[in-house]
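Structures follow.
After this come two complexes, each holding chain A, first together with chain B and then together with chain C.
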Partner chain A sequence: MRDQSKSGNWLTAVLLTPTFLWFLFMLILPLVVILVFSFGERATAGGYAGGFTLEHYANLSTRLKAFQNTMTIAPLGTLLCLLVAYPLAYFLALRIGPKFKLILLVLVIVPFWTSLLVRTYAWIFILGGRGIPTLLEFIGFEDVRLINTQGAVLVGIIYGYLPLMVFPIFVSLEKLDKKLLEASSDLGASPLKTFWQVTLPLSMPGIATGCMLVFILLMGEFLIPAFLGGGKVYFIGNALVDLFLQSRNWPFGAAISVTLVAIMLITVTFYMRMFNSKTGRDESLM
Partner chain B sequence: MRIYVIAVFLFLYIPIGIIVLFSFNAGRHASELRGLSIQWYEKALSNPFVSDALVTSLIIALSVAVLSSILGTTAALALQRLKGPLRTFFDGMIYVSVMVPGIVIGIATLVALVTVFDFLNPLLASVWPEGIKPPKLSMGYASVIAAHTLFTMSLVIILVRARIAGMDRALIEASMDLYATPWRTFYQVTLPQIFPAILAGFLLSFTFSFDDFIISFFVAGPNTTLPIYIFSSIRRGITPEVNAIGTMVLAASLILLMSAQYMLNRRSKR
Partner chain C sequence: MNKNNDKPITATKFMKELNRYKKGSVSRRHFLGVTGFGTAMAVMGTALPSLFSSQAQAFGNVGDRLIFATWPNYHNQDNLDEFTEMTGAHIQVNAFGSNEEMLAKLQAGGTGWDVFVPTNYTLSNYVELDLIQELDLSRIPNYDASASSPKFSGPATINNKVYAVPKNWGTTGFIFNSNKMKSQPKSWKEFFAAAMGEASGHVILHDYQLTTIGAALCALDYSFNSVDAKELAEAEALLIKVKPHLFAITSDYQPGMRSEDAWLSICWNGDGTQLKNDMPEMEYVIASDGGEIWSDFYAIPKDAPHLEAAYTFLNFMQDPYVQARDAAVHGYAPTDARAIALQPDSLASDPILHPPLDLMNGLEFGAAETLTDPIRAEVMARFKSA
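For the complex of A and B:
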């Protein structure tokens, strides 16, 4: 018996070693390097030279616009996603027979797993010069510019991340005990009151999960502002790409990355605390 | 309500439809539709840059999918036997690897690997026997595959673990009681039960890697994957050829997704 558990321990160790090495070399090492570099000096030819300085963190304010854009458009985009997704999730969970439910749900999720790159560039096409603006010209609106605006970026965000928001809300509405809804209306509550006082509070865990997933992904977004913001509306991710590939200022880029991860960790932790104390946890990832 | 739902579905699918439609454009300009033809598909497939990028993407995605299903499954199986601080460590790592934005993973991996390589290359050259050209470590296939696998491995662990949690423990105990060796129990009882989750993980990993732009952009070195090719062509201007490539990419992920969905459904029916 003892032998068996001993060989079991060996097996466990052997099975976990590759995964451990992966986390060590591809996650911990890079994150530590980035943290160390963010306090280093920039080498004359770009890249990194040793040293300790807080200069790069002090310089963060030169990229203030990127931080401001990210910190305003990411929450706004998350909110808009929620507003568009909720009625859809509600319909799929409570207003439709089981036969179509699965098909429609798959139809919502499928786009999320196909290339975001290709789906986003479709909007360059639609919002760009010969897309909707040309159509608007026919009805008399001349010179409407849609692409490279904050609105275009927001449309891209809703389009890209809607599925990710719908799914968790759908799951929490689906789990909801339908008898509670009947009880509420039997007791004379109007449908609106039932929604506000029963349905909405009970779907809070789904809303919380959906918002968190979308918000996390938006904080690190690069493609959507790159395609639809056209250098006018840019995120932290776009500033990072510029720094690393064009000016090769590694330490400054590292400082921005560290700040980004720190902001994310703080927001997410705070957010989870807030929701966990209110509702309890929901693990409906994916 | 119904109208709203239809509108949302149109919103989700019209852009995809437009790309597909314009990829069959017979005209020479991306934004003017002049009859249908498959000329842009022929052009795209005979473009050596496109076929090279496609092959690169396929090699990377396939390696990522194979690696992450093996590593992820073994890790998920081993993790259920693990308790205490080590378990917390692994759970934390899985969480972080899924959470950290791809762009930060890409940048951090690039910086870390270049630094490590710059340190190791002279060292390797000095210990290498005279006369033979010493190997030079650099960014390439291995770095992209390793960086993608970080995320997809965690994805497979999450999927397989969920399946293990829903598995009937009594079957394993019965198998043990009937004197099956642990290996045989694994092979004949556990593996068939978790197999759909592994296969779904394999397909999702492939799709993720095949579609990823931002991580590859940083760590692919001189290699061009298909998303990198599409990104740089879009920067130069949209052509019907890009639409044709995009349509093929969408079709590829759709087929894989449908297979993954089918596998997960079979799982829940059993």
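For the complex of A and C:
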């Protein structure tokens, strides 16, 4: 790069300008607006009015439950997603012939062709009283409540986010050099030991990426808890929807958004530190 | 073209044909033919039948689109389709769950809506916030101001200007499944007692501050519309106490009631009729200790992009036959006496849609200040996040 001509630098600048402008107008400026709003007042009829107050940050504790729910269900949902996705990705990458691989991969993607909203709405009927609970009654389990529970929300999360977890893991397993597995086996390692000492560590970048994708999106999730939690399993995302779209308290909503962004930055920074020190590789996440 | 089609059809004949059409025993073409709708579409601006006389000539240039914000289960798809067939304007429907949500969108700006359906108590706020336009009634000749009781249409007239035309009216009470519950709650007090008693775990409250906080206030013998801080604090305490017993907080309560997961819910009377039609064990109750009476309107936002289409749509929807067809699907009573005259007796005299006057004595129209009151808004938000 260093010995390239000036025109090369100029070209780089031109090519980067759209990205820079995008970041400036679509990310930085909106964040600044949110930050400014978070210190303002709620206008009489709702919305935003100028001012400077810390009152909204002082009020954060009234949404403690929502923060708690998000901070427990988002990591739990990510973990469950991983536990379901890993065997699936493993099977797709290492255990299946090329003929069926493509078909099965397409099947994983197909649900994405329909809106998550519609698919989540369908779960209301599957988990509702006339759905699975009726089947359970046949085999003697009376009065099982599935819908509008944390369990239902977790099912919705696993269902909705599974492809986001499957694909990064699939890619890292697919790239895995099969000779390493043979070598491990030749040197006398049991299949289980090979998995723990070769396959799993080598698929770590995929796991890390998948978990991060799912976790970040889950922290802002509102649709699944609203539909499958019946308004009773309440995430930060739901608090934000209420504040902006119902009670029209933009400054308080902005304060919660700023807090959420701060929590995410801290969590993700810790996560990357932890991960990179473990694998010793920087390219794994970025 | 059949000559007979040019004669206006009688009301009874219309309903008979409508029912035949709905049951599927006659084709859409036959239905449109005998009722005159077909003629209206066929002639489109030339030899006009009485139904669409005034606006038909303008049909040619309303544009290709109408953005319409309304409530779920509130229209007959056939009406919307027919508007598109007649005018060429496709209707994009956005359904909302509360007036607050509509206000929030309008306040944020750039909704692109041409027509929306606000409730009585919101109109004065919309005018004050300069969000809706004064209507030019000469462009809505199908609207007959004398056909609706001022009780229902009155809120649309502000400073002697008309800002909206009425749609339907109704009540907010509650519904319970009498197969599942032994008690027969008659009041909001009994509603909340049952919610924390025999119906625990099977109760739905609306995701809507007006009705949910209103119900709690009535149970405490306060006004449905109270904005008094102390009274609202008591209502919040009651709501938080009942929260562990709830099945859901949602304004989309029909699925829960139909699956019998829920036995007891706050309910609008049109949903009451829809549910009772399919499940006779459902009982709709106007609570003896208060509740809401309301009317809905069609209004045009200030920055409506397709104004011509908006007026044509308003005029179309004010046609009594169109109103009757809408009501046949959603179950709410039209405010328009001309439309009620076209309804079958079963609907026109339905006790849920047209309750005896003494039952409605305790009901209140929503008050304008409840829409913007910050305490009510925050009480609802806290109850949900509790």
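We adopt the following convention: the second predicted complex is superposed on the first by the 248 of 286 C-alpha atoms of A that agree within 3 Å, B and C clash if a C-alpha of one lies under 4 Å from a C-alpha of the other, contacts with A are read in each partner's own complex, and residues count from 1 in each chain.
Throughout what follows, a contact is a pair of C-beta atoms (placed from the backbone, for glycine too) under 8 Å apart; a residue touches a chain by one contact, two chains touch by 3 or more.
This is a predicted model, so every value here is computed, not measured.
Peer 1: Is A:Phe23 touching the first partner chain B, the second partner chain C, both, or neither of them?
Peer 2: first
Peer 1: With both complexes superposed on chain A, which partner does A:Arg42 reach: first (chain B), second (chain C), both or neither?
Peer 2: second
Peer 1: Just checking: does A:Gly231 make contact with chain B only, chain C only, both, or neither of them? Give me first, second, both or neither.
Peer 2: After superposing on A, A:Gly231 lies in contact with chain C but is clear of chain B.
Peer 1: So which one touches more of the residues on chain A, chain B or chain C?
Peer 2: Of the two chains, more chain A residues are contacted by B.
Peer 1: Applying the document's definition of touch, where does A:Ile124 land relative to chain B and chain C: first, second, both, or neither?
Peer 2: Once the two structures are laid over each other on A, A:Ile124 reaches both partners.
Peer 1: Touching A:Ile147, do we find chain B (first), chain C (second), both, or neither?
Peer 2: Touch partner of A:Ile147: chain C, not chain B.
Peer 1: In the superposed arrangement, does A:Leu192 touch chain B (first), chain C (second), both or neither?
Peer 2: In the superposition, A:Leu192 touches no partner, neither chain B nor chain C.
Peer 1: Taking the superposition on A as described, I'd like to know which of chain B and chain C A:Ser115 touches: first, second, both or neither.
Peer 2: first
Peer 1: Kindly classify A:Leu260 by the partners it touches after superposition: chain B alone (first), chain C alone (second), both, or neither?
Peer 2: The answer is first: A:Leu260 touches chain B but not chain C.
Peer 1: Taking the superposition as given, does A:Lys65 touch the first partner, chain B, the second, chain C, both, or neither?
Peer 2: Second partner only, chain C.
Peer 1: Check chain A for residues that touch chain B in one structure and chain C in the other, and list them.
Peer 2: 124-125, 128-131, 244
Peer 1: Provide the residue numbers of chain C that touch chain A in the complex, in ascending order.
Peer 2: Of all residues in chain C, those touching chain A are 98, 100-101, 103-105, 107-108, 125, 128-129, 201, 207, 209, 243, 246-250, 255-256, 258-261, 372, 374, 377-378, 380-382, 384-386.
Peer 1: Taking the touch rule as given, give the residues of chain A at its contact with chain C in the complex, in rising order.
Peer 2: That would be residues 42, 44-47, 62-63, 65-66, 124-125, 128-131, 145, 147-148, 230-232, 234, 238-239, 242-249 of chain A.
Peer 1: Taking the complex as given, what residues does chain A use to touch chain B?
Peer 2: 8, 11-12, 15-16, 18-20, 22-23, 25-31, 33-34, 37, 48, 84, 87-88, 91, 95, 104, 106-108, 110-111, 113-119, 121-126, 128-131, 159, 162-163, 216-217, 219-220, 222-223, 227, 237, 240-241, 244, 250, 253-254, 257, 260-261, 264, 268, 285-286
Peer 1: Taking the touch rule as given, give the residues of chain B at its contact with chain A in the complex, in rising order.
Peer 2: Interface residues on chain B, with respect to chain A: 1-2, 4-5, 8-9, 11-13, 15-16, 18-19, 22, 30-32, 71-72, 74-75, 77-79, 81-82, 90, 93, 96-97, 99-105, 107-113, 115-116, 146-147, 149-150, 153, 157-158, 204, 207, 211, 213-214, 217-218, 227, 230-231, 234, 238, 242, 246, 249-250, 253-254, 257, 261.
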